[in-house]
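Please go over the structures that come below.
You will see two complexes here that share chain A, one where it goes with chain B and one where it goes with chain C.
Up next, the complex of A and B:
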């Protein structure tokens, strides 16, 4: 029994090291006030950079990033909840084409696609502005959203809706009373995925937004470019927090049925 | 409510799911639609409910043709194979849904919901109204689904294989209760099933369907005892099917080495005939004299199985294998299979064959 216990502890330690080991350097860097080669650990440790980060532009970048992520999530859901329902329930002509169109931007390398989009956005006077960044985020977010929403509605048996229609409920009423409440866990899961995607999006934000719209990933990039590694590390740590929290929530809502119906749209 | 369908057809592209079906359902009674999967029985039910638009034909509720009416306006109530209760609503909310759509006063809704649940014997616990459907067993869920359908006092009750997902014991009990309940409320009921025992035991009228067509309509007794087509005979019960050919005299059919005179009411309209008899209507003799009004097949007893209620004898006659059920075990090897003439059905045309591919391809 004891040997099993020891083996288990060793296993946990090893796995923890694999997961958290790379992150530990971020933590060390975030508190390093002075750290020169060839020292193994920083010579001077303190919260100087943490204070600096929280006073400066980083908080602003965080605010802008969260605002953009919220708008992107709301807009994506507004578009894809009805669209996903229609694609899942009705015989839509060219259904495969519709789904493919949403997938298309992901089929090519991101950089040229976004660079091209940037040109158009600047031409439309949206470059360097928050709405422009929101639009470029939507390109990626809609892919997740359409495919997951279609899968979510597909996983609800049609007979549940037919039972309501049969008793006299209109299509729209059935959607509000039956389909939407049953899809809510899936919609929440989908919303979290979109939110995280937008919060972490880098390429498009840099190309369209920089230098006027700064989000955390771009801010971190700038910091590391300027050899402000403590600042970059702190930003990276902060960026992880919403991801971890949301993924814990996500795990509660994402059901196996959605995943299993993912392929057969 | 009297329900009739006239010349109903439904095509999916080139596939004909219903072909010119005309039927009238027993007013206030239970009509079972029986058939193998893909025979069009569910398509017919969904056309009546309004979930499918027929390609041609009419559906009458009383004197009103309801084709073109949306399902909401038809006043039918459907019970589904998978119960289709809404898992996010309580039992009360599930049953009350249809009444709330009718904007009835709260007191009346509550009274009718409780009445309906009492009717299906689901007021078993004081907190039953607040429970979620997922907390109930399959049989209980189907009772609640039935209450949800009956509470709106539908013109027509539609049941789509309602007992198929339940285990044998619960199925047996619900069958009896469903039948009693249907008699009591007297709502015209259409019951789709692939289970012949269910259809025969519950229905006032049985409709046997195959390939999108009606093969026979009749009381359970008529369907079982006097099937009018080879398909119906084969589909019901443990049945022997033999291929026969018309002999030169035009009055006798040769099947498995035995000459069978054609009954007077069967015209010699074909060179090939199908001879059908049930395993429990034949018996086995060894040396005893054969009664006059019977057909005899001489063969070799191959195997005897005890199947609970009876011994099933496998007798090889020429190339054919005949099944004979008998309450006692007969020993062989040389035996005679005797079928009373009245138990023998003869149909023009070659048999479908047990393992043959279905002749229709209906979705």
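Up next, the complex of A and C:
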């Protein structure tokens, strides 16, 4: 068994290097005020750029991004909690077709489709505006939410609802008092992942919003292309915070079924 | 009762369906149709001829980069998942969940500054004399950089899916193998792997299509010179040349490449 222990330690060290190596260069760049090669570390370290970033357009991008993410999360939940319940419980017409439509965006490349969706949004006078960006985020968010909500409601035993109905509760009362409270942990978990998806979304925001609507990922892209590496690195670190918090807090609640489709969108 | 149920179905399904149809299904059809049209709307194959002439190499390049990353992801994913399944995951499993929560753009940027000619990796390697900084290898701006970044980001998903499949293999099989003297590698190769081949194939398909369709990572880390990933070509064709015909022809090529994978995925999802 001792060999296993050694193997584990070696594995953890190697993996830590692979995972944290690239991330640590973000931290170093974020405090680098002067850094020329061949020096391994910056010659001058300080928080100059942190102060600069928090005064500039980054704050605006942060606010817009958080606003969009909140709206996207609220709307997605409002639409998919009832839909997921119906899909999980009832036999309804055209169910297979509806499910297929909600599968398509998972299976095909997003960018060429979103580029054409941008044409529709501009025709509807929504291009370059916050509502347009919200709508394009809704596509990915809805697809993800429909599948997880259906899974959440399927995991609740139907017998609990039947018991309530047998005791005289109406369908609606059963949903409010029995199904919804039982589904709450699953709903919260997927709400957080939807929020995170919207906050991190790049492709749709760049196509629909640019150059008028700026969220953090697009702001970071612009900074990085302009070789403002400290600014871009600070923004990158800020973008990572919500995800890391989510990982630490929710680690044990995030089941593979919620995460597997999340990793792709 | 049946009437009420159908009304409810309509009310709850229509809003989200409308958004996905309007902004995914219809644009999808539009991109396929306009790929056969000139700017004036006449029918033509010219877009595909142009796409083939200019971008055939990029299509192969994209498939090559994705295939290399996928191979790396699968090999590491199977070995790490096998280790975690037999000896317990613990810290290893937790560490590998981190990339799942790091946004794509951040991965692109982090890899760019990490792997740049005078980035952290080369500087660190130079300290121990492995790299000459006067003539440093440029990993970041070549295909290797994109492959590494894609593999890094997708590793978490691969381990999540593969480990999930490994967990569902009963302990008795592993005990039986151990009784015959199989070490951990033999247990992975001869027991775990053959018994979860379908799930691994599905995972491979998912990851491969997502690599083919990757946009933000090559945007962040790419060089703008030489061969490009397919999605970058589509984007530049639209943004700089406003040429939806050729861009959509390239889009259709990407759909077809993903299609074989998609059919397989749809079949396994609707079955399960």
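In this section, the second predicted complex is superposed on the first by the 232 of 265 C-alpha atoms of A that agree within 3 Å, B and C clash if a C-alpha of one lies under 4 Å from a C-alpha of the other, contacts with A are read in each partner's own complex, and residues count from 1 in each chain.
Here is the rule we use: a contact is a pair of C-beta atoms (placed from the backbone, for glycine too) under 8 Å apart; a residue touches a chain by one contact, two chains touch by 3 or more.
The shown structure was predicted, so the numbers you read here are calculated from the model rather than taken from an experiment.
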{"item": "Simultaneous placement of chain C and chain B on chain A, clash or fit", "value": "fit"}
{"item": "Partner chain(s) touched by A:157 [first = chain B, second = chain C, both, neither]", "value": "first"}
{"item": "Partner chain in contact with A:110 - chain B first, chain C second, else both or neither", "value": "second"}
{"item": "Touched partner set for A:77, first chain B, second chain C, both or neither", "value": "neither"}
{"item": "Touching partner for A:166 - first (chain B), second (chain C), both, neither", "value": "first"}
{"item": "Which superposed partner A:234 touches (first chain B, second chain C, both, neither)", "value": "neither"}
{"item": "From chain A, separation angle of chain B and chain C (C-alpha centres, steps of 10 degrees)", "value": "90"}
{"item": "Contacts of A:182 with chain B and chain C, given as first, second, both or neither", "value": "first"}
{"item": "Touched partner set for A:221, first chain B, second chain C, both or neither", "value": "second"}
{"item": "If touched residues of chain A are counted for chain B and for chain C, the larger one", "value": "C"}
{"item": "Which superposed partner A:90 touches (first chain B, second chain C, both, neither)", "value": "second"}
{"item": "Minimum distance between Cα atoms of chain B and chain C in the superposition (Å)", "value": "9"}
{"item": "Footprint of chain C on chain A - complex, ascending", "value": "4, 7-8, 11-12, 15-16, 18-19, 21-26, 28-29, 37-40, 79-80, 82-83, 86, 90, 92-93, 96, 98-117, 119-121, 135-136, 138-139, 142-143, 146, 196, 199-200, 202-203, 217, 220-221, 224, 229, 232-233, 236, 239-240, 243-244, 246-247, 251, 256, 259-260, 262-264"}
{"item": "For the chain A and chain B complex, residues of the former touching the latter", "value": "157, 159-160, 162-170, 173, 177-178, 181-182"}
{"item": "Parts of chain B lying in touch with chain A, wherever the complex brings them together", "value": "49, 51, 71-72, 76-78, 80-82, 84-88, 97-98, 101-102, 145, 148, 152"}
{"item": "Partner chain A, residues of chain C touching it in the complex", "value": "5-6, 8-9, 12-13, 15-17, 19-28, 30-31, 34, 80, 83, 87, 90-92, 94-107, 109-115, 118-121, 123-124, 126-127, 133, 152, 154, 156-157, 160-161, 164, 206, 209-210, 212-213, 215-216, 219-220, 231, 234-235, 238, 244, 247-248, 250-252, 254-255, 258, 261-262, 265-266, 269-270"}
